[in-house]
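Each of the next two complexes has subunit A plus one more chain, namely subunit B in the first and subunit C in the second.
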Partner chain A sequence: MGLEFLNRVRRTTLIAGAVGAVVMATYAGPWTGLALAAGALWSLLNLFAIERLVVALTGRDRGTPATVKAAGWAIAGMALLFAAGALLLARLPIPALLVGFGLPFAVLTLKAASSLLLGSRVWRATVASPWRAALVVATVLVAAWWVVPGLMQRPAGAQTAATTEHAAPAELAAAPADEHAAPAGGEHAAPAGEHGGAHSESKGPQKFANVITILARAFPDAGWAHFLHEFEAVIYALFVALILSVIAFLASRNPQMIPSGLQNVVEALVEGLYDFIAGIIGDRHAARFVPFLGTLGIYIWFMNLFGIIPFMDSPTSSLNVTFALGLIVFLYAQWIGLRGLGFVGYIDHLLGQPRDVTGWMLAPLMLPIHILGELAKPISLSCRLFGNIFGEDMLLVAFVSLGITSMSFLPGWAPGLPLQLPFLFLALLTSTLQAAVFMVLATIYFLLMLPHDDHGHEHEAQHAHSH
Partner chain B sequence: MDFHAALALGLPLGIGIAAIGSGIGLGLIGQGAMQAIGRQPEATAKIQLAMIIIAALAEALTIYAFVTMFLLSGKI
Partner chain C sequence: MTDPPRPDRNDSGLRSAGLLLAIPTLLIVSPLVGFFLGGALDRWLKTSPWIGLVGLALGFVAAGRETQKIYRRYLNEEDRSKRR
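The block that comes next holds the complex of A and B.
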């Protein structure tokens, strides 16, 4: 419980405050998010000032001019902080500000409680055996499954009553509009008419039915089916991750010197990926980045191919999943840049590395260009993957429905023509290619962010050679 | 012309126009890569890698049009 503990509290609060502020800004409006962030920041600065004051007043070398000065600064800073706090209270939504103020203390309490818990004998006894730990986790999950809906019951019930009341006139008003839209977007109107506005399907063109949509149609009023349907892409993505984990576990469970079977296949894949990525990023960095980039490539490849399995759906045909992947690559690339180049070097990189008068003249122009270029990377990565995989699915849907309609002059039992067959092979090709493209582009973004000093030396050597 | 008709006419046209540009770009990329491979067959792997990357960049423009179409097609 020393200063190191306070440091950890500060770091956790910063992360939690940033995440909470982003979430609040998304769901409750930008001012609420800003208020939460400002409150957390204010509270942290206040804690910092108090810590300085306490250290200065009770530290070993108290009374020396330096500590007196530090204490004075801390008091002045606190006075300033209180003025700023009054301003914030007047300007920003107060509840969110109060939550922000309380955040460091909540983190402090939770951390202290968890350190007490981790030291206790009960915890150690539970953790010692994996079966006992699994039992406890299962008990907690089951308890949460029963208790949380009970707690949510009253406000949620009131809310649904209110929304249905509101929805009734809206539905009436929407009915003629739906009829009007029916000739233009036929599939759109069908699910909307099935069970009213409350459970309306997501807009836009329909894909093949998969297990989850079938379940959601079979149990239109069940909460769990609605939940599954809402988080369909995430669930399939996690399922693919589970499959890959099981494959990796089975392949590496009992490694042989002379591989055979599954281990052989996986080793060949991993080695091929390693050589491929090392060929782009260089042998020096390969060992550091291949685990991430190779996993990304294999994961995307499997997610793309997953949609070809009947009753399954590609998670990558949802923009949410691909944007998450693009965002991961973007953040990792910036992290590499910040770590490898340092903060000043990173800014220098964004300015286009000005070294002479022309460079500095161009720097104000280069900065927005570079920033926009960096921001465009995740968007282009995610839109490319999403568009290709979604387009591939749509193509299959179009040709399946064409095959069915082309045979519809026969009696009802006639099967459709398998017109989608050639496009299944195209789907195999684009799935593989897009996974490779995503991986290669991620590799290149990393490469651009790495400090390329050896590259520069090569350049200089060439210059020297040509002179 | 009302909004829906304009959208219904404009979206497929937009994709088509974007596809023309991407197609020209892809053709040029392919031409350059094939010529380079013909001149220097031993560098095939490197040339193919660069070709695929640049082809992905050129193709992305059509994909953007495609995504835009799907974003807006719900409004028709």
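The block that comes next holds the complex of A and C.
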């Protein structure tokens, strides 16, 4: 086991620990998240001290004053760590701390196991053919499909009580709308009855029924239906990503010098996006940022349009999805700033670049102002996209309902007027426009993070944030 | 397949439009973010409504600052396009 392997373990643990801490802080409380992070950090430091000690005692230079000193520091550090560990155990939730403590060892074990697996003959045979590999992945996904809902299922009594309580009113609400659903234009089945089996259904405005909500209503007691309904937006977002991946794969698997068919369409789209983004951010940075920004634009465009397809839903009509997209842009923009300025320069920028007494006195004021200005960007991005797409969905629901109501004076079965049709075309336009706006603004936020002189401002060689 | 070298693009109009597009929502969202973050701190520290109000004020300042930054950049773009 080389030191490089340990470095990789450390990096993976840091990422896994950070993600785990955020998840725990969100779902189990901030102290639990902090405990997991502290446990993982403690364990990593301990691993580092052990590594130093082992290297000092067994390395080529062992016995020299420098290695003896290093060993002494490692032992002192371990003693301090154990004292800190005792303090942590007394102050923070112990189960989360233990999970954090165990994280590096879990990563170590998994990495060792994956090293063994990747070198094995079975693995090589599996990945030799893409179809065989796809079959294995599909099998794993199907297994997960069956296992995960089972694991997530609550105790039987509690679940039955909860679903019975919530399903009944939702079904009652769905019934009258369903009667008029089909005549109103097929795809928009039940404006009033989207949510069947979950708990937050009767609150707020309701959207059109989609495949998942219909399934959730049809199987109100099934764990898998509850799971699907709970993660509806994420599932649709992943489905769109899958469709885009397949399109990209099909378009690029056999590239021709003179493109035709799908390759032609995709190349035209990519080239158009490249020119568009390069026009804003400049040619020098286009190659670096177009893959991210272009993907973002196409992905959002498809997600926006997905809601127009019958029995589907726009993932971007969920604030969770749009906020996640905004967060990605925010993190990338901060990364650009951090890389450009360095850590100290970045903190200096956040403090307003104080260079004299007045500057330092204003620094405590400049820090929250800068942070608020940066935080406002992803929130404005996500709120704008969510508001527009959700509003577009609501507009369609309103006009479908109006179309049904306008013909309700006729006795018995009567088709509704398709009043939503003009707004479907409007939805096509706004979906495209909102994807473009999101992409343009993300590009602008990146542009604001880049040095000015890239665009010909020789007189302003300072960073975009330096004023 | 190697692409031929691309001509240098000069879409300062597009860039200016994009820059100005960012201003309206930043003006609205910054004070709201300040107010809600301050409100969260107020609830935590039981100091309602003071930190929320300070956050609101800071949010307005942040919005103004961001707008000034974007507008200055826009003016630079305009200067540059006039010089060409």
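FYI, the second predicted complex is superposed on the first by the 343 of 467 C-alpha atoms of A that agree within 3 Å, B and C clash if a C-alpha of one lies under 4 Å from a C-alpha of the other, contacts with A are read in each partner's own complex, and residues count from 1 in each chain.
Note that in this section a contact is a pair of C-beta atoms (placed from the backbone, for glycine too) under 8 Å apart; a residue touches a chain by one contact, two chains touch by 3 or more.
Values in this document were obtained by computation on a predicted structure and should not be read as measured data.
By the document's definition of touching, neither partner reaches A:G359: not subunit B, not subunit C. In the superposed model, A:G223 makes contact with neither subunit B nor subunit C. By the touch criterion defined above, A:L441 lies against subunit B and subunit C together after alignment on the C-alpha atoms of chain A. Judged by the touch definition given at the top, the superposed model places A:F386 against subunit B, while subunit C stays out of reach.
Of the two partner chains placed around the shared chain by superposition, subunit B and subunit C are both touched by A:I280. In the superposition on chain A, A:L433 makes contact with subunit B only, while subunit C stays out of contact range. Touch counts on subunit A: comparing subunit C and subunit B, the chain ahead is C. Look at A:L375: by the touch rule set out above, it reaches subunit C but stays clear of subunit B. Residues 279-280, 380, 383-384, 437, 440-441, 444 of subunit A lie at the contact with subunit B in one complex and at the contact with subunit C in the other. Interface of subunit B with subunit A (complex): residues 4, 8, 45, 49, 52-53, 56, 59-60, 63-64, 66-67, 70, 73-74, 76.
Against subunit C, the residues of subunit A that register as touching in their complex are 255, 257, 275-276, 278-283, 365, 368-370, 372-373, 375-377, 379-380, 383-384, 437, 440-441, 443-445, 447-448, 452, 455-457, 460, 464-465, 467. Listed in rising order, the residues of subunit A touching subunit B in the complex are 184-185, 188, 203-205, 279-280, 319, 380, 383-384, 386-388, 390-391, 433, 436-437, 440-441, 444. Subunit C meets subunit A in the complex at residues 1, 6, 8-9, 11, 14-15, 18-19, 21-22, 25-26, 28-30, 32-34, 37, 55, 58-59, 61-63, 65-66, 69-70, 72-73, 76-77, 80.
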